[in-house]
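In what follows, structures are represented as structure tokens.
Common to both upcoming complexes is chain A, partnered first by chain B, then by chain C.
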Partner chain A sequence: MKFKNLIVYWRTILRVAEITLRHQWNDSFILFAILVQPMLIAILALFMLRGSGENYAMFVVVGSGLTGLWSSLLFISGNSINGERWQGTLESLVAAPIPFEVIIFGKNLANVVQSLLSMSTSYLLAALLFGYTLQMSAPFLFTASVFLSIFAFISFGLIIAPLFIMYRGIQQWQNAMEFPVYILAGFLFPIALLPNWTTPVSYILPPYWAARALHETSTGEGDLQKILLAWGMMLIFSIVDLFISSKLFRKMLYKARVDATLETV
Partner chain B sequence: MNTIEVKNLRRIYRATTGVIRRKVKEVEAVKDVSFDIKEGELFGLLGPNGAGKTTTVKVLATLLIPDAGEVRVKGLDIVKDANEVRKQIGFIFGGERGLYWRLSAIDNLRYFASLYHVDPEVSKKRIPELLELVGLKGRGDERVQGYSRGMKQRLHVARTLLHDPDILFLDEPTIGLDPVGAREFREVIRNLQSEKKTILLTTHYMFEADSLCERVAVIDKGEIVALDTPSALKKHVRDLSVVEIETFGIDPKVIDDIRKLPFVDALSTREQDHRQLLLVQTERGAEAVPDLIASLEGMRIGRVTVREPTLEDAYVRLVGGKA
Partner chain C sequence: MNIITKNLRLFWQGTVLSYVALFAWFRPVTYAASKILMPLAQIIFFTFLGSYASGGTDVDFYVIGNAIQITAVSGIFGVTMSIGGDRWAGTLPYLFGTPANRMMLFFGRAFMHIIDGAFGVVIALGWGALLFGVDFSHTDFSALGLTIIVTTTSTCGLGLLMGCLSLITANVMFVNNTVYFLLLIFSGANIAIDTLPNWMQAFSKALPLTRGIASARTLIAGGSFADVAPLLVSEIGIGIAYGILGYFLFTWFELHAKRKGTLETV
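== the complex of A and B ==
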């Protein structure tokens, strides 16, 4: 890939993200998924775990933010291609000279970044409503974990979107995929509390490694080795996801041009 | 030099029905279509609904894969070289969809400019120019949802010109526009023609094709039934006259009976509020009027006129009087 192309792609990703954010900001469903629902989860968890200590409050803050991230990825990024089809803009995007996955990358970036808001609102809730004094134990490592998590979530979203288009049977399970990942990825409580047979399932979920890195760097409970393992796993998953998604996008777009489904819902 | 070459294009749509016993239903939208468009030419594609016009345009715009045939744009194969073709073309499909309604016109254009490799500095200059070209100067900051249908259609033109393509595919761009909006839109097309763009225009409106296109292909049931200049096409009906009869609440069976009369060459109808206008093409001209009136016995009849045929009449005859 030429360096000039990379600059063009990166510029396009940022522009797509900017426009997507501005376009979505008036959508009440999106506001619910990224702000209201994580806030409700945070309030519920903070009430249930009152008296468990400041560290656990931080765990809940980060965990409820992760629920916002996952919901946003599953519903908003997962449906992003269908959304374009409903608006009649999909044909213009497919016929653009820029690779289609670059456009979807930009849209996922917008969704993931805006859902980080839910983490900030949970933080404010814990501090203002429940009176916790929350301190980030390793702010630099936490920031690096946030960036890697963003990349891992975006890459994972790039697999979900074309899969939802090609295999509508999977999309029918969209709602059923929301809460199991909250549990299996250890967003709100450690997966050590789950039966042993669920652990391998958690390990193959990129959100689990993101949750691990974010929890360990925010609560200070993990050592550097564990953090590096989580980062490494996120990187590996991201690269694999990007590779698979490029194949899926190529297959999906060719199939859509054969089946004439770019316009029809 | 030919900018667009279509040879023996064939495209089939397949739909699956049934849950247990799945059946594949095939519809051959384009059977065997061939035509060329020269550089800088404004070429019209005319045909009734379902004739295969939009399918042909979508194949050319790289949005559909053909089942057979060869389609080249500037010598590039639309399947193998789709990405290169996309840099050279722009397209508009009729209707209001295809824009982000919750964004302003300027934001829509900025967004599409980034997808079409337009340098930000260039797009900053070009967007106001394009808004002026399509008559939306001073309205660019408004959200698209408040635009009229005509304004949205003109914004589509601005969108498609962002990357300054040499080739434009306009699929029924004036459909649904009011007469003033349609006239303004035709003016925009004329401006594009004067800039030496190669344009493929599909339309239902014969006068539009007559006044704009250098050559016209008439497509029916997925096949080209005629291809020539508008004036040459009119010669198909040179020996005919058109009898126009205004009727009120005519029975469709009577229309079928008239169509079968030996001196009737082609017949089409046009609904006008509560009236139906019968357009009968015949070699007998005014002499056919008494027989036609006789076949409408007992029905309320209004104005009856006999006139010279137009391109529309040629089109009606070519597509078998179904328009």
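== the complex of A and C ==
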């Protein structure tokens, strides 16, 4: 996706995001993915990690919120093109003068932003039900990390959606992709516990850098250098993801137009 | 005698056909992703989380708990697909139009998932031995096998009840996913039951899986069948209770839908 399209079509992106949000609030599976599942994972982790240090509650709040973000990206953003096909609106969107990836960017924006609710519900759960006093150690750095994470997740989602529609074989593994990223990205425990050979895999996952930035700024365990590294990696991955996604979208649309197989691409 | 033969044939045909035709994951890749890799990833995730929480001292607790809990993938999701699938496929009117014995039809929907779920638990325990070194050298395997079958059956009992909900509501995947995650909390798979608040302990005791997981842990630690027999009797009792409740809901649904003409829209 061309970066300038984000600026030229910003109104379209916001309008698509708004419509997507309105539409998705009626979908019970989406409510499960962004609210119920992260909350239940937070309850589990709060019970399991009792006594793991004074910052563990904030660690769980952020980590369980991230599980909601990833599940939403995988199951909702991953199906953002397929969803249009199932509703019969894909042809109209492809024929519209707005670049197709701009529309999917807007849909992913809505998905990722609404998924942040998972972090808020986990926060309320830990504070109200479990009675923890949660204190953000670096709120401004945390807010900046949230914005960068949103961008990184959306960009990553722009790769997943065309891959899922072009290569059905990959989408069939969708159910198996949820927990591995929880593990490899270190959402709820450090990746240092994992075997060494998995570390490079973690490093190429944008959710890992998002988790690092959010954990370090919320619990105060990271210094500025580490936080800047995580921010830098998220930016680099976002740019790479946008570049790859532009190629994927071009291939998908070319294939659909040349083969006339938009409904079956 | 003829009636018994007919009903047994109906049970078996309903069992096989509902599994083959209505179980949405019955394709090699989808099956491998949803029934083998997803459970493996879940076991690894909760085992590492638990290991992190306990300082690496209680790995077996989490591996065994999650391996047995995996039966809920078949018990809850699979059974629901096999019951609700008739509604989604538009074959519910034909099903309710037949004079077939409803009890055979209903309980037949769960049978293959009991076998499938038990197979899934065996695979999961195998992963536990291979990846986390769970020691089975003191295990009474016949008692463990019975525990797996009993626990899977009781979880399928809850699945039958959930499956009936799929005939009443369009939001059944929301309900099923919620129940699946609640089982992760309340069944004792990841949190020792006695560390939960009293009301949560009471809720745990009303669920399938709780006693099955406790039995499996006892047996793998070297306990005997006599040690776990009372737990297994309670476990199967709970499963039967949920199954019967589901059957009554199923018959009520048929009666209500026929009276009101709301077979596809309830």
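Simple rule for what comes next: the second predicted complex is superposed on the first by the 252 of 265 C-alpha atoms of A that agree within 3 Å, B and C clash if a C-alpha of one lies under 4 Å from a C-alpha of the other, contacts with A are read in each partner's own complex, and residues count from 1 in each chain.
We adopt the following convention: a contact is a pair of C-beta atoms (placed from the backbone, for glycine too) under 8 Å apart; a residue touches a chain by one contact, two chains touch by 3 or more.
All figures in this text were calculated on a predicted structure; none of them were measured in a lab.
Asker: Where does A:Leu128 make contact in the superposed view: on chain B (first), on chain C (second), on both, or on neither?
Answerer: A:Leu128: touches no partner chain.
Asker: Examine A:His23 and indicate which partner it touches, taking first as chain B and second as chain C; both and neither are also allowed.
Answerer: Once the two structures are laid over each other on A, A:His23 reaches chain B alone.
Asker: In the overlaid three-chain picture, which partner chain does A:Leu49 touch, first (chain B) or second (chain C), both, or neither?
Answerer: Only chain C; A:Leu49 stays clear of chain B.
Asker: If we overlay the two complexes on their shared chain A, which of chain B and chain C does A:Ala260 touch? Say first, second, both or neither.
Answerer: first
Asker: Taking the superposition as given, does A:Leu40 touch the first partner, chain B, the second, chain C, both, or neither?
Answerer: In the superposition, A:Leu40 touches chain C alone.
Asker: Along chain A, where are the residues that touch chain C in the complex?
Answerer: Touching chain C from chain A are residues 28-29, 31-32, 36-37, 40-41, 43-45, 47-52, 169, 172-176, 178-180, 182-183, 188-190, 193-194.
Asker: Taking the touch rule as given, give the residues of chain C at its contact with chain A in the complex, in rising order.
Answerer: Residues 27, 29-30, 32-34, 37-38, 41-42, 44-45, 48-53, 171, 173-174, 177-178, 181-182, 184-185, 190-191, 195-196 of chain C touch chain A in their complex.
Asker: Looking at the complex, which residues from chain B come into contact with chain A?
Answerer: Checking each residue of chain B against chain A gives 13-14, 58, 61-65, 83, 86-87, 89, 91, 93, 95, 97-103, 107, 110-112, 114-117, 120, 159.
Asker: Quick one: in the complex, what on chain A touches chain B?
Answerer: Of all residues in chain A, those touching chain B are 8, 11-12, 15-16, 19, 22-23, 26, 87-89, 91-98, 103, 254, 257-260, 262.
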